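In the part that follows, the structures are each spelled out as C-alpha cells.
Across the two complexes that follow, chain A remains constant while its partner is chain B and subsequently chain C.
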Partner chain A sequence: MNSQIPSVLKVRDLKVHYALRKSLFAWGSTPTLKAVQGVSLDLAPGEVLGLVGESGCGKSSLGRALMRLQEPSGGTIEILGKDFLSMRGKELRLFRRNIQMVFQDPYASLNPRMTVSETLAEPLKAHFRLSYAESQTRIVKLLDQVGLSKGSLKKYPHEFSGGQRQRIAIARALILEPKILVADEPVSSLDVSVQAQILNLLKEIQKSLGLSMIFISHNLAVVKYISDRISVMYLGGIVETADRKSLYEKPLHPYTQALVSAVPIADPKIERERKRIVLTGELPSAENPPQGCAFHTRCPWVVPQCLQEKPELLKTPSSTHPVACFEAGKSH
Partner chain B sequence: MSLKYLLGRLAVMVPVFFLVVTLVFFMIRFAPGGPFSSEKSVSPAILKNLEAKYHMDEPLSRQYLHYLKDLLHGDLGPSFKHANRTVNEIIAEALPVSLELGLLSLTWALMIGICAGGLAALKPNTSWDYIPMSFAILGICLPTFVVGPVLVLVFGVWLQWLPVAGWESWQDRVLPSLTLGFAYAAYISRLTRGGLMEIRMQDFIRTARAKGLSESDILLKHSLRGGLLPVISYLGPALAGIITGALVTETIFNIPGLGRFFIESAVNRDYTVVMGTSLLYFTLIFVCNFLVDIFYALLDPRVKYV
Partner chain C sequence: MNPILSIKNLQAHFHTRRGVVKAVNGISYDLFPGETLAVVGESGSGKSVSQLSYLRLLASPPLKIPGGQVFYRDKDLLKLSDAELRKIRGDKITMIFQEPMTSLNPYLTVGAQLIEPLVIHRKKAKSEAWQAATAALERVGISNASNAMKAYPHEFSGGMRQRVMIAMALTTEPEVLIADEPTTALDVTVQAQILDLLKSIQKENKMALLLITHDLGVVANIAHKVVVMYAGRVFEKGSVDDIFYRSEHPYTQALLKSTPRVDRDDKILPAISGNTPDLIQIGSGCPFYERCSYRTDLCQAEFPQVRLGLKGHERYCHVEKVSS
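Let's turn to the complex of A and B:
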C-alpha cells in the first residue's frame, strides 16, 4: 500500500477478550476467551479489505470492535486521524456516523416494529437537524440507490424478502454517509441467487461513493470478488495480508494455501489433477490458545521454533507480502 | 386488524356466555344444600312459602328458562339470602368500590413493577437487579393476609400515619391498594425484566447503537415497545382478577367490595348472587383479554388478525 496516502482506518495491536463466567467453585482468575489477539491493519481511502477465516476465528468480533459495539480490551483504533478509543458519550455516538456496519442477519438486525421510513429516519434525527421533508427526500433517494421503490417506505421488515431486507440494512448504514463501511458477512444468510445481487450492489455503491470497506466473510469466492486486498485470519490473528491476485496465486502461509486449495476450480481437468491440502484436527479453543504460533497444531511445516515463538506479520526478503510464518517462502 | 375480526371475536362471546350461564346454573344447583338450609330448622310451611316465592318449587328446567328470560332483560334476579335486595343492586353498589380498589392497585403495581423491572434489566447481575428481584420473589410468595396486617401494624398502629381500615377518605385507599398491588407489582417486575432482557439481546438493539442513538432512546424507542408485551398480555387476566379477587384484602380492611359477595354467596348457596358474580367475572375477563389482543396488534405490526 502506498504510504503517502493517509489511511482512513489505522488499527494497532487490537485485542478483544470476553470474560467468561467464573464457575462457583473455581479459584483464581476469571477465564477469558481471546477472540482477537493483537490485530493490526490499515485501510486506504476507497479500498476494500477482505477478511477471511473460518467460523470462530474472531472476524466478527474484530468487525464489531472496529465500531466499538464490542469494547476492545487493548490496542488502538484511529479513524480519520482521530483516536476512536478515547472517545466517550456523545462524542462517540456522533463520531460513529463515520464508520457504519451492515450486519450478517437482515432478519434480526432490523427492528420488526418500525417501518422502513422510521428505521431510516432515526439515524438522521440522531445526527442532523433536518426537516421532515428533507429527511424524506434523502431516504427516498437512498432507497432508489439500493434498488427499492418509494412504496417500501410504509412497510415493515417482515413484508420483505431476505435480499430486500439486506438492501434496507445497507441503506440504513449509508444514510449517515460514512467514510468506512464494515460489512459483516452481509450475504451469508441469503440465497445464492440473491447473494450476487447484493454483492454487485455493494461493489457498485462502494465505487460510486468512494467508500472504504472492510468485508468480512468465510467465503473465499465472495471475498475475492469484492476485495482489493485480503487478510486471512486464524484464531484471532491475521496470518497473511496480500492483494487479491497474489493471495490466490502465491499464498505463502500454509493456512492460506489450504484455504485456497479447497476452492473448487470450474475445469474438470485441472480439478482432477490439482493437489488439495487437507488440514487435520480442529480449530484450537480461543479460551486456551496454543503457545507459539497459533497454527502449529495443524501445520504441515511445523518446526521446533513454532512451538516457542509467535511469528510476526512481516514482509520478509523472501516474501512478496506480509505473512506470519517462520517457514514461509522456504521450499517444502 | 379488520372490523370483521373484531365483530367475530365479539360474536364468539355469545355462545361462550350462554355456556357459562348453563354450567354455573346447574353446577351450583346440584351442589348439596340450598339457600334455605341452615342449622336452625325452618318449619316446612315457611320453607314452602320461601320456595314458592323464589320459584324453587318449579322443575329445574323451568327455573332455568325463567332465569334466562330475566337475564335477557338484564335482570339478575333477587338475592336469596339478602332479603329485599336484587343482585343488580348488590353489584351496582359493590362493583364501583372493587373497581376503584382494583384500578388503584394495578396503577401501583404497574408503576412499581415496570420501574423495578426496567432497572434490573438495565443493570443485570448487580445490586440494582438482585435487590428488587429478591423483593419480587418475596412479593409473589407472601399472601395478602400476611402483607396486609404487616402494613397495618407498621403504618397504622406503630407510625399512625394511615387509618387501619374503612373506605371513606383517600387515606383509606392507600394501605389496601398497596396490599393488593404488592403481588402484582412483583409479578410485573419479573415480566418486565424478562421481556426487556430478551429484547436487549436482539440484533436490532446493536443496530440502534450503531446508528448513534443514546441509551435512553434505545430503551424508549426500541426496547420498551417489544419488551413490555409480556406485561400487556398479563394485564388482561390481572385486571379481571384484581377486581374480583380482592376478598382477603377487602376483609382485612373492611371494604364493602364485591369480593366478599363472591365467596359468601357460594358458601350460602345464594344461587342468583353466585350466578351474577360469576357472569360479571366472565365478562370482565373476556373484555380485558379482548382489549389486550387489540393493543397487542397495535404494538406489533407482525400480529395480524384476520
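Let's turn to the complex of A and C:
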C-alpha cells in the first residue's frame, strides 16, 4: 500500500474482550474471552481489505468493534483522521454515517414489519432533512443501482429471496453514502448461483463509488475474488497480510499455508495431485490462549522462542509482506 | 455389476397450505458398491429430500411419495413395512448429517449412543458392543477412545463430533453410507481431515458412499461419479471428469463458472441471473428455463428426455450442442 495516501481507517492495537460469567464460588477475577488481541490495520481510500479466518478467530468481533457495535476493550480506531472511540452522543451518531455494515443473514437483519421504502428512508430521516420526494428519488436511484425495480418499494422483506434481501441490505448500508463499508460474511448464506451476483454487485458498487471496504469471510475463494489485500486471522490476531496474489501463491505463515492448502478446488485433476498440509490438534481456547505465539501449539516449525515471545506482524528483509512468525522465510 | 441402490423415477411432494411443493420430480440414478457418488445442487434442489423421503425420515404428511421405486439390492424400499425398513436403515444403509451439534443426544454419553446400532441390529451384548464401538472410535482418529466413550457430546469440538457421527454410522459396517453435507458446518482445515477420513474408510470397507453437497470443491476432491440436481430434477450424471471437463448442460457449466476459486484470478464472475424457481409453481417444463441462455419454447413446454453420451454420461437438455 502506498504510504503517501492517508488511510481512511487506522486501527492500532485493538482489543475486544468479553467478560464471562463467573461461577458463584469462584475466587479471583472474572474470566475473559479474548476475542481480538491487539490488532492493527490500515485501510486506504478505495481499497478492499479481506479478513479471513476460521470460526473463533475473532474476525466478526473485530468487524463489530470497528462499528462500535461492540465497544473495544483497548486500542484506537481512527476514521477519516478522527478518533472514533472518543466520540459520544450526537457527534458519534452523526459520524456513524461514514461507516456502515452489511450482515451475514439477510433474513435476520431486515425488519420484517418495514417495507423496503421504509427501511431505506429511516437512515435518511435520521441524518438529513429531506422532503419526501427528495428521499424517494434517492431511494429509487439506489434501488436501481443494486438491481431492484421500483416495484419493490412497497414490498416487505418476506416477499424477497435471500439474494434480493441482501441487495436491500446493501442498499440500506449505502443510502447514507458512507466512506467505509464493513461486510461480515455477506454471501455465506446464499446459494452459489446467487452468491456470484451479490459479489459482482458489491465489487461494481465499491469501484464506482470508490468505497473502502472491510470484507469478512471464512471462504478463501470469495475473499480472493473481492479483496485487494487480505489479512489472515488466527485466535484473535492477524498472522499475515498480503496482496491477494502473494497470499495464495507465496503464503509465508505456516497457518496461512495450511489454510490455503486445505481449500478444495473445483477441479478433480488438481485435487488428485495436491498435497495438503494437515494441521494437528485443536484450536486453543480464547479464554486461555497460549503464551508466546498463539499458533505454537499446532505449528510444524515451532522453536523455543515461539513459546516465550509473541511475534509481531512485520515485514522482514526475508519476507515480501508482513507476517507474524519468527521462522517465516527460512527454509523448512 | 448390479447397483446396491437404485432410484427410479422417484417423486416427493409436500402438501402444504400454500399448495403442493414439488421437491423431487422423478429422479433416477444408481449407486454401485465401492464408489463415491456426489449428489450436487443448491438449496431446494431436492438433493437431501430425495434421500430422506425413501428412508422415511420425514413426517408424512406433509410428505407424499406419489411415484417411483427405490431398490436396495432387489427390495423396493418404498413397498416395505416400517418394521422391515427399520431392519435396513441404520444397519445396511446408514446416514450422517450436516449438523454434528444437533444430531447427537446431549443427555447420553457418546458410548451409549455408539453401541445402539450394534445392540439393536446385531443383537450384541452391551459389553461386546462397547468394545466394537471403542474400536470404531479409534478408526476415525479419536485418540484415547475409551475415555471418549464415557464423555458427553458437548465435550467435543465440531470436527470431533462429526468423527463420532461417522464412527456411529460405521459400527454396523453398512453397504451404503449417505453423508448429507458432512463438512459444511466445519472449518476448512477440519473439512480436509474429515474428507480424508471418509475417503480412506470408503476404500477400506469398499462400501458405497453417497455424498450430498453444494460445494463443487468437495465434489472434485472426493467423488468418482456426480449427479447434478436442480429444482427437483436431475440435470446431468457422469464421472467426475465428465462433469468438470466435458459437461454438456448449461446449468452445470454456469455453476462451474460462477464459483470463485482460490487458484483463479477472476476479474468478473459470470453469475447466473435470476433466482431458483418456486417449487409450488413449477410446471412440466425444464425448471431452469427462465435462467438459461439457450432456452427455446420447447424447454418451457416439456422436460427433456435423456441424451446419452459416452461411458454413461447422461444429460437432460433439449439443446443439441452446448458450447463450453
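We adopt the following convention: the second predicted complex is superposed on the first by the 326 of 332 C-alpha atoms of A that agree within 3 Å, B and C clash if a C-alpha of one lies under 4 Å from a C-alpha of the other, contacts with A are read in each partner's own complex, and residues count from 1 in each chain.
Here is the rule we go by: a contact is a pair of C-beta atoms (placed from the backbone, for glycine too) under 8 Å apart; a residue touches a chain by one contact, two chains touch by 3 or more.
The shown structure was predicted, so the numbers you read here are calculated from the model rather than taken from an experiment.
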Inset, instruction - Have a look at chain B and chain C on chain A after the superposition and call it: clash or fit. - result: fit
Legend entry - Touched partner set for A:Met233, first chain B, second chain C, both or neither: neither
Legend entry - Touching partner for A:Arg97 - first (chain B), second (chain C), both, neither: first
Inset, instruction - Using the superposition on chain A described above, determine whether A:His127 touches chain B (first), chain C (second), both, or neither. - result: first
Legend entry - Which of chain B and chain C A:Asn111 touches, first, second, both or neither: first
Inset, instruction - State whether A:Cys306 touches chain B only (first), chain C only (second), both chains, or neither. - result: neither
Inset, instruction - Pick one for A:Ala221: touches chain B only (first), chain C only (second), both, or neither. - result: second
Inset, instruction - Please tell me which partner, chain B or chain C, touches more residues of chain A. - result: C
Inset, instruction - Applying the touch criterion given at the start, work out whether A:Leu69 contacts chain B, chain C, both or neither, answering first, second, both or neither. - result: first
Inset, instruction - Check the residue A:Leu176 against both partner chains and state whether it touches chain B (first), chain C (second), both, or neither. - result: first
Inset, instruction - Could you tell me how near the closest CA atoms of chain B and chain C get once both structures are overlaid on the shared chain, in Å? - result: 10
Legend entry - Contact residues of chain A, present in both the chain B and the chain C interface: none
Legend entry - chain A contact footprint on chain B (complex, rising order): 202-204, 206-214, 217, 221-222, 225-226, 299-302
Legend entry - chain C-touching residues of chain A, taken from the complex the two chains share: 54-55, 161, 163-164, 191-197, 199-200, 203, 218-222, 224-225, 245, 248, 258-271, 276, 278-279, 282-283
Inset, instruction - Within their complex, state which residues of chain C touch chain A. - result: 42-43, 157, 159-160, 187-189, 191-193, 195-196, 214-221, 223, 240-241, 244-245, 254-256, 258-263, 265-266, 268-273, 275-276, 291
Inset, instruction - Name, in rising order, each residue of chain A that touches chain B in their complex. - result: 64, 67, 69, 90, 93-94, 96-97, 100-101, 103, 105, 108-113, 115, 122-123, 126-127, 156, 158, 169, 172-173, 176
